[in-house]
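Letters A, B, C and D mark the chains in the order given here, with residues in each chain numbered from 1 onward.
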Amino acid sequence: MFNPKSFLYGDDLLKLAKVADEQAKKYPDLSIFVTAPFSDLKAIADETEHVIVTAQHMDGIQPGRGMGHVLPESIYNAGARATFLNHAEQPMKLSEVTASVKRAKELGIISVVCADSIDEAKAVAMLKPDIILCEPTELIGTGQTSDESYVEATNSAIHEVDENILIMQAAGISTAEDVFKTIKLGADGTGCTSGITKAANPEQMLIEMIEAAYKASKQ
Amino acid sequence: MFNPKSFLYGDDLLKLAKVADEQAKKYPDLSIFVTAPFSDLKAIADETEHVIVTAQHMDGIQPGRGMGHVLPESIYNAGARATFLNHAEQPMKLSEVTASVKRAKELGIISVVCADSIDEAKAVAMLKPDIILCEPTELIGTGQTSDESYVEATNSAIHEVDENILIMQAAGISTAEDVFKTIKLGADGTGCTSGITKAANPEQMLIEMIEAAYKASKQ
Amino acid sequence: MFNPKSFLYGDDLLKLAKVADEQAKKYPDLSIFVTAPFSDLKAIADETEHVIVTAQHMDGIQPGRGMGHVLPESIYNAGARATFLNHAEQPMKLSEVTASVKRAKELGIISVVCADSIDEAKAVAMLKPDIILCEPTELIGTGQTSDESYVEATNSAIHEVDENILIMQAAGISTAEDVFKTIKLGADGTGCTSGITKAANPEQMLIEMIEAAYKASKQ
Amino acid sequence: MFNPKSFLYGDDLLKLAKVADEQAKKYPDLSIFVTAPFSDLKAIADETEHVIVTAQHMDGIQPGRGMGHVLPESIYNAGARATFLNHAEQPMKLSEVTASVKRAKELGIISVVCADSIDEAKAVAMLKPDIILCEPTELIGTGQTSDESYVEATNSAIHEVDENILIMQAAGISTAEDVFKTIKLGADGTGCTSGITKAANPEQMLIEMIEAAYKASKQ
């Protein structure tokens, strides 16, 4: 999952999304997600074919009022097929997470819900989202990845509630090696922001990380 | 200002935006704003020439982190040239309104800041936004418009702080007659949501409201 | 649970709390909770013996920073032994609910977590609070109580996750008859706000509702 | 202003409040504010005479609904005669700040509104609170105080709007020397949190800071 947050938009983002798209074509067994600011979703969906275009947030509202909120139908119509929810930089109320996961299911949008502790991950699991992203708040921005015991503890806690939920671990991923190691530790997926956007060569880093994810998944 | 909130998106919205665009071409002395969900901004900006494409909200952030937030550069790049801020359905923290108005100025985005009381309008005026939209909370959704004394009180309170700020009154606008009356009472502009989206013929209502605004402005 | 929200404070609240206290002494098998504004907690705890003094909200923070937040240790020290969390008028972020339930356990404060849908109640149940209060948002303020099928659906959904959690149903309770009926339908408890504060004789209504709860629990 | 935030509660806070109370008796020309968690306000008001008991936050609501919110009447009844609003750790929506300042005026509660930039301070000034506390966000927790040019810029910006508003500067105050210097630079008041709570001898530090404020005010 390539998640450039608000670091990139417009052509710079589109260029990297196309690189990801080529890789997605090359590795059809991998699901490669690319997030974008809301107003970039359509351009990216229009110019890519193989990546899963992903919103950074979505409100659990119905068409109607809701000025300034992110209407699920509007992002689906623009081409988004997945959305993040409850990211640490946009924490949601419990009733909002519940409503947004429900609306995502109704529209066929893949829900990626963040949880920053094992207790929170278990509560989220009861909502049956497609993916839970576990990021212990203490590790965000430290360049330190979740260790084996954390990955195992998270996996078993979530799968005890619902074994169909996919589990991502993405704390502190900054190299292709981190990607490889995290998948090997048992994560179903991983993701990266500044490890790519601030790399000397973002395109190259993106390609290497995707390759690392592929290799780890095949061993 | 045609503000369909989250009632419309995609082709339905685009169709009405094009109707507004024709009217904007016909009445070059009027500024006609059309709001859109974030993910529709680009499509509307790409297919219109004369309306001012307007976001429903914008965060006062810089490129960087800010997952799920609305990056000013991203909506400007998509073609938005104005944004609502602090709408009653998306009320903002004081520090956020301050930051967003500042960022709008930096990028050349017209700021339309909502205020639901005269005291609030005066505080907003100190931030020197381009437009203040006065909607006494009590009147929202009542179909009752602000009366002459309210319009006068708002105008004088805001212009005492800064006489360059344009003042919109938009509470309860549901007919072309309401538009005419509100402009005649002294508002610099007005706007409408469900009066148009729920009209028997939304295109016709939109055209009539714009005509009413034009007539009122010329008398 | 007598929950006068922000309708009462000071002597008016204290007087009713003492009435509840007498009833709590009379019916030792019932747990009678009385909520109070934060700044009234100590006075009520000091002058009652048998009711469970209850805060209306509590933040999941540790002593330290947290200006303007409700420190768990401060309300415990004032005499509160229970707290509401995630009420519809003060909805909490998922990470906050998680942290507050955890802190309540650490201090021996009974947690009463509100949920406004069955999905939300199931997620809350994973956090293992002491009590879940189910109030379908649609019924709040309608004077209409939850019906048998809703009570059964809630009970079975929550107890499937954790059978030790007590379940309150409190939507639309306005008479002693409502209290009786709700307990008979299978709720472990119920509560009331304006049915008491706006009654012709609040003391009498409070007494009658407690009697009704007692009778229902003994049949 | 002694503002121990959520660092202190109960007896530890009461003890320091009594120390402040003695100093307030000794220096009747100074206004000494002591903040407290909501549930400690009454105990402190009951046992002090000369300090101004201050809430850390207050909501702009009327008696009625408002579960979990801080009712102005409840804190006034408990003995609070001032309140902080819009602190950086509890930032308020613009409409909320507006309502809270208004309610404070109605009840005779001194309002201390925080602003973290000069633009924000100017907007706040239009609401005519009693005191504005200027804390440039960048300096919080750095141990670095606002310099002369910042104090002058803030004073002149606020007084241009309303010359009756008192202006506090409290960024980075950690020694009695900081207090003296800040008052001498032109602030009407200052305040401290961890500089006192984490001092080797908090009582002694509190006394020295109050003495420093007195000396600076008399030169």
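We adopt the following convention: a residue touches a chain if its C-beta (ideal position, glycine included) is under 8 Å from a C-beta of that chain, and two chains touch if they have at least 3 such contacts.
This is a predicted model, so every value here is computed, not measured.
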Which chain lies the greatest distance away from chain D when centres are computed from Cα atoms alone?
A
Cα centre of chain A to Cα centre of chain D, whole Å, reads 43
Could you tell me the distance, in whole angstrom, between the mean C-alpha positions of chain A and chain B?
34
Taking the mean of the CA coordinates per chain, how far is chain B from chain D in Å?
38
Junction residues of chain A - those touching two or more other chains:
none
If each chain is a dot and touching chains are joined, what shape do you get: line, ring, star, complete or other?
ring
Output every touching chain pair, sorted by label.
A-B, A-C, B-D, C-D
List the residues on chain A that touch chain C in their complex, please.
86, 91-98, 102, 116-117, 119-120, 122-127, 161
Going by the contact rule at the top, pick out the chain D residues touching chain C in the complex.
3, 5-10, 37-43, 55-57, 61, 63-71, 73-75, 77-78, 80, 84, 87-90
